[in-house]
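Okay, got some structures for you below.
The same chain A turns up in both complexes below, where it pairs with chain B and then with chain C.
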Partner chain A sequence: MKEEIGILEGRQHQVFEKKSGEEQQFDIACDKTSLSGSVSQRACVFCGSRVVLYPVADAIHIVHGPIGCAAYTWDIRGAVSSGPELHRLSFSTDLQEMDVIYGGEKKLYRSLIELIDQYKPNAAFIYSTCIIGLIGDDIDAVCRKVAQEKGIPVMPVHSEGFKGTKKDGYKAACSALMKLIGTGSTEGISKCSINILGEFNLAGEAWIIREYYEKMGIEVVATMTGDGRIDAIRRSHGVSLNVVQCSGSMTSLAKEMEEKYGIPYIRVSYFGFEDMSKSLYDVAALFPERPEIMEKAREIVRDEIRKYYPEMQKFKGALSGKKAAIYVGGAFKTFSLIKALRTIGMSVVLAGSQTGNKDDYLRLKEMCDEGTVIVDDSNPVELSKFVLEKEADLLIGGVKERPIAFKLGVGFCDHNHERKIPLAGFVGMYNFAKEVYESVMSPVWQFAPRKGGLA
Partner chain B sequence: MLLRHTPKEVKEREGLTINPAKTCQPIGAMYAALGIHGCLPHSHGSQGCCSYHRSTLTRHYKEPVMAATSSFTEGASVFGGQANLLQSIETIFAVYDPDIIAVHSTCLSETIGDDLQQITKKASDDGKIPEGKYVIYASTPSFVGSHVTGYANMLTGIAEQFAQSTGEKKDQINIIAGWMEPSDMREIKRLSKELGVKIVLFPDTSDVLDAPQTGKHVFYPKGGTTVEELKSAGDSKCSLALGCISAEPAAIGLDKKCRVPFETVDMPIGLSATDRFIMSLSKAAGVEVPDEITAERGRLIDVMTDMEQYFYGKKVALFGDPDQLIPLTEFLLDLGMKPVHIVSGTPGMRFEKRMKEILQRIPGANFKNGLNADMFLLHQWMKNEPVDLLIGNTYGKYIARDENIPFIRFGFPILDRIGHSYFPNVGYTGSLRLIEKILGVLMDRQDREAPEEKFELVM
Partner chain C sequence: MKTATINGKAASTAKTATQNACKLCNPLGACLAFRGIEKCVPFLHGSQGCATYIRRYLISHYKEPIDIASSNFNEETAVFGGSHNLQLGLKNVTRQYKPEVIGIATTCLSETIGDDVPMILKEYKAVMGNDAPLPVMIFASTPSYSGTHIDGFHAAVRSAVATLAEGTPKKNLVNIFPGMISPADIRYLKEILNAFGVPFVLLPDYSQTLDGGPWAEYHRIPPGGTPTHAIANTGGASASIEFGSTLEARKSAAGYLEEKFGVPRRSLPLPIGIKASDRFFAELERLTEKPMPEIHEDERRRLVDAYADGHKYVFGKRAILYGEEDLVISMAAFLHEIGVLPVLCASGGKSGLMKKRLLELIPDLEERGINVRENVDFVDIEHEADELRPDLLIGNSKGFTMSKKHELPLIRIGFPIHDRFGGQRLHHLGYRGTQELFDRIVNTLIEGRQNSSSIGYTYM
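The block that comes next holds the complex of A and B.
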């Protein structure tokens, strides 16, 4: 076997290093499906749909297919609920060979009836997995029938794994949500009201954000989908503004709502002092007739930053000059991460995402320092190579990247769904800095051969 | 709320599985293939499958898990996945350069009708497989069996596609490991060495999924059964398959191909099963059991007897995979405990039969495997007849918390504790560890809940 594994052939255009001097041509190739045979860190359409809808806690989520898809997505995301927790159970039609041959519609129907009778949910989501697309089950028809019989919305989610990328899964999830939106009464909704889109309440983050907006005097009608409730989603078309985080997953929903209901939307990020403040100011600016909202926003920002600033300076003192590598799902997250890392004195030597688009990468290039490597749809070989070459002290990623960081002897921060503490909001920035500090400065590294065993 | 979703009343369910006690075949195939040195598992299906399996194995082992995917697209599902697999084979050898690619199918590629044998043959005919390299395969449709079936299928593929018979028998014995942890495989090797028996152990995930921190990310860690060893398995005197569900099919395959006779024993968990394993191995190799092993056994029995009062009559619920559940149930009975509720999502008549035999010692015990044998059912049983202890994978923690009962993590996956990679459950020493864990949780509870006047210093 080769000592060193290089960049995958055919991937040169998905890797870019920002260099000084001459004008560089930048045409990173993204929005591509992964090369067959790559050890990709990406997932599938089903995964995209599942992560978007999963936090809706008073609905049942049935995975229609063989058992695996339900088993691997059983309560693995820390999307917390303040009430019902139906989303944390695993429901599957567990299709067998005979079902594949004769079709699984009957089984799906029976499963739905059994479940609805048992749990009395406010809605049901039916996810179709790969083979449903092949055996041709008419899940739409089953959903219609059950909805009629049971009197609750039953939404098909067309998330066959092979029908695109994770982004297509987001879209399928958004279409399911669109079917719910507009079916509830908008009576009593304030003129100063918003929906928080693309916030999944990991470790309770949506609660933090919601509290800021409510303090400003803004009514939050629905969070989609963190701590999500069917009734709130159904009446969410009554708001005056959609505030969209995690642009990858929910922008399409915001656009559709704009078209259909004339609700404008803005894109925000709740990560880092800078972006968090901006996301409060941007919302306040859209309600000029109520100047007290902006005033309140300023007050929140002032108070919160004052609260955390001294501690942050301590972290910054210790972390200044340290280097970070970022590889996360959506590119939008990387922008905030770069800014947040700068707040604590760290530079970014590698920035990449699984699903960024061309505009994202252009913006990323503008933000990055010279020498920063930008990657799309990376793999463990590339990640380790750049982490070592660029002498990163920290890797920010998800579940599959964590052990790689630790094997390389560098610190790690989970910025994906396995985060244990809220990273959003002002307190989230403090938590992030603390987590980075604790990982990078841990005494364990003195015993670990670092940087490829060289140091 | 989460914990209050299980009603006591057990109703017949027709379609639905709630909280499965199994997962699908391909992850088992991936795990088995990781136990071969220099092997890159390859998932022939959508990208998500591979990602989910790697994530789950990573959470279980806290180790990087490498595997490639055919990255199916809509086109592949219409025209077949042959082009994707051929492209994959080319890419993988050119870039990741493994010695072996172990391809497993998925529900998608199986339903499309991709024939792995034909495609790998074509890859070979087209010269896409470099000299001295291998592409092996196993059919692992997700809609049949469970993750255990996938493990068995890949293991059979490994045995059948590598083993060669030169006509000259070697003085060695194959040990075909059922689904067990790297620590267990390490312990099997230690015991065999102690007995003085030369073995070929496959698969062998020790030094793969319990690799040391070295400051490097090694794509192909140093462990795993080598191709040379696998080839020589065809010349071994005999095979010992550890587990009738996950290991025996490979032993049968090897016997068919190379005429290596085999014996199936239970995975050596607990006293009786370890006794049978040691006896079978020593008999097959024609060696005496050394004093050191006898002493290990003696230490186990010593603890079993010292602490018998704490085990006797305690009711246990357990769930997991057949080859572990069979000897574990037997061990609990040997300790005087009462395994009253047992489920496994893995189907199989053989398993059912063995369990029924063992459970004859507990009239009225609940046992179910296969379809709808899920953790929801187990929880319902437990609500109707409460137990003192729950044993199973991490997902058992919801039930344990709801019912407020001691819980031991055992099986796959374990997502919230460490130890399974490093400390075995097999052999006399592994059984001792199991006892230690059982006593630990039972006594912790006693200490926590005993009224002050009954709070004991000496136990």
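The block that comes next holds the complex of A and C.
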């Protein structure tokens, strides 16, 4: 049946359509490496590590390998810093043929020493790329040596591209962070304190979230890794709670911190009024001895929603009944987006992610309306097929999904690392609705073939 | 440690690592070139990330869907070799995209483990060939640890010709291998050749695949590109015109055709500026035995007139040029002919030929104080900018960081242009492209003068 609509044999179990009527068996396959030749939208292990650690702004990030991996990730994210901006520089050992033959350790060592002398960072992250393991470089040894000589933490990140999926890259990044955590003093940290995990300060989003929590009277020790600082990370084990967003990348870190330091964690999302409010209430509820925190949370929610409600009604009026397709990196984000889209009257006809797991997809299925297609690790052919078949008016995704939407005459909202407008927080929901409104309601679509224009 | 010296002063920056690279990796160029062959899907033999990063990088410039398949290495592949994954990938791409051509390029990973791709392809053809006609497979070796994206580009074009060209009897046909230019430049070249009325094959032609119209349905492979039968004909052409000052015959498509089929290779610098464009048009006049079509004479006349109208704004201005070597060389010659001094000609490439070729175009280069630097990154360039006091930066959009920091205007040319709209529609070549470049340079300088004056002149 599915062969008809062009789904590759090796991918048929990664596509699921919610049907009406009898109880459906839900056996979506996921957590697999991408099928060779399928044109996956995923990147690699290195990408996973790079996106998680990228926003640490007072460290240098050195990509050990040939030039490509560093060149393609130079200043790639919209993660902003309130101070140093070392993260926006691109450093590569730029291995050449002779280095591949004789090994790149010496070049790495020299690169590190020179760059540390030049930029005086508070730490260095060394990412190993595909060929590093193959040519036998012992980057751990080089890192130890340089750390000793220079007196700063120098962390190897084992992110060889082919050794798993993006998720394994998240893990490698988290273990590098784990090595830093616990090495700083926790003196003076309040009992009502949190770390914000999995928030990367795209377009200043971490600042928005941090402000809400601080208004509630909670101390924020570290944001990981948005606007990240090495010293804050080192003392982040002194908090009483970890608040984890983007659960795909940072839950493992929260779990490790729970095991090692006994810090509990909760999972939250800052997208949409509903989830944003919940993330404030959930945190406040964990400090019952300080009822004023909950009171303040209620006040923030009330004030913020009152501020944006009238405008939101305008957007909702225009967008009611429109249909959206979602394809993003992490499944957790799709949950919030479905709710956020409902707030503005839109339904979801396609929902998918690059890295969701079985539980994520089960929850997604429960949230979705009948007829919604759920996809794991999809590709342009599938996405465009469903966008057209389901007559979506909007696609939410990243850079690689954008031209699919525009070619087909469909609106688009960038919900990926490169966005320049904050979409988190209450103001973020307003920005999101505005962006969706501006793209879906644009008069330019009248010329699209889909709407009767000439192809 | 490399020691960068400028005006006798040693640089104090870290030199072992590459910082803010002024180059991209080899496979990117191959993917771009493969996009210019009709019904072709580019396929990278390596990790999933290579294909995805390169797609993202190209999409941000061209604003078009760019599907690149990957053999998606895992740990087993790296240990036991990529044959299984490559063959499975080819099967899946064939099924999903129904291509006529698959353009396969390697990565640092598959090269380092020593995969013999031609052997694997032979095996694949032997196993699969009986069922149905297979797509044509064009293979380019593009290890990311040698060369830059421009080497991958030329390797893919040469391989396309080596795979498909046939030694047919000589025809009235001209091959044109323009190198890595914009879709708008490609369309303009085709217009010129059509105006001369000469049959031609232009390879690669991504003028439509990377700058096309809206779609009623999703095209697995966008329409456009040089057809395989046209590439087959290149072996019987009367001549090949190839742009690229540093492109050597042994690495180029025209070089292959000359060696294999005796098709004369005419190597020219990218035709930017009047002199270089004249050379190109003269070559076409010679090959076609026809005079320059009136419409192009007209464009040339308007350009000469514009040079006169604008010369005072540009004279004596100092520019830093960076990017691919061939682009930098041709741009430098153009700046030289309008009275702008290209104080630094910089590239992340390292052909070893850049200065030599520049000396051919600007013999008094050294007396004029024109610095030529190969194998540099943006930190090197920035460092030299401190000493050279330029008025302008000219290159791709990755120079913006430097432009902002040094408060220097940046004129965006070439690839990538990630921070402005319409990079795919910029002209650089011929009289038309030169006109566009000249107008942009003049206007940038005028704008600077106007904005920095407190008077607020409305006539400039």
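Convention: the second predicted complex is superposed on the first by the 445 of 455 C-alpha atoms of A that agree within 3 Å, B and C clash if a C-alpha of one lies under 4 Å from a C-alpha of the other, contacts with A are read in each partner's own complex, and residues count from 1 in each chain.
Here is the rule we use: a residue touches a chain if its C-beta (ideal position, glycine included) is under 8 Å from a C-beta of that chain, and two chains touch if they have at least 3 such contacts.
Here the structure is a predicted model, which is why all the values come from computation and not from measurement.
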Chain B and chain C placed together on chain A: clash or fit? clash
Inquiry  = After the superposition on A, what does A:F46 contact: first (chain B), second (chain C), both or neither?
reply    = both
Go through the superposed model and pick first if A:V328 touches only chain B, second if only chain C, both, or neither.
neither
Which partner does A:Y72 reach: the first (chain B), the second (chain C), both, or neither? both
Applying the touch criterion given at the start, work out whether A:E85 contacts chain B, chain C, both or neither, answering first, second, both or neither.
first
**Request:** Kindly classify A:V244 by the partners it touches after superposition: chain B alone (first), chain C alone (second), both, or neither?
**Result:** neither
Chain A residues where the chain B and chain C footprints coincide 6, 8-10, 33-47, 62, 65-74, 88-97, 99-100, 107, 110-111, 114-115, 118, 129-131, 133-135, 161-164, 380-381, 384, 399-400, 402-404, 406-409, 448-450, 453, 455
Within their complex, chain B touches chain A through residues 1-2, 5, 7, 13-20, 22-27, 38, 40, 42, 45-56, 58-59, 61-74, 76-77, 83-85, 87-92, 94-99, 106-108, 111-112, 141-144, 146, 211, 213-220, 345, 371-372, 395
The chain C residues in contact with chain A across the complex are 1, 12-21, 23-28, 43, 46-57, 59-60, 63-75, 77-78, 85-86, 88-93, 95-97, 107-109, 112-113, 143-146, 148, 213-218, 220, 398, 401
Interface with chain C, chain A side, in the complex: residues 6, 8-10, 33-47, 62, 65-75, 88-97, 99-100, 107, 110-111, 114-115, 117-118, 129-131, 133-135, 161-164, 379-381, 384-385, 388, 399-400, 402-404, 406-409, 447-450, 453, 455
Counting only contacts in the complex, chain A reaches chain B at residues 1-2, 5-6, 8-10, 33-47, 62, 65-74, 76, 81, 83-86, 88-97, 99-100, 106-111, 114-115, 118-119, 129-131, 133-135, 161-165, 380-381, 384, 399-400, 402-404, 406-409, 448-455
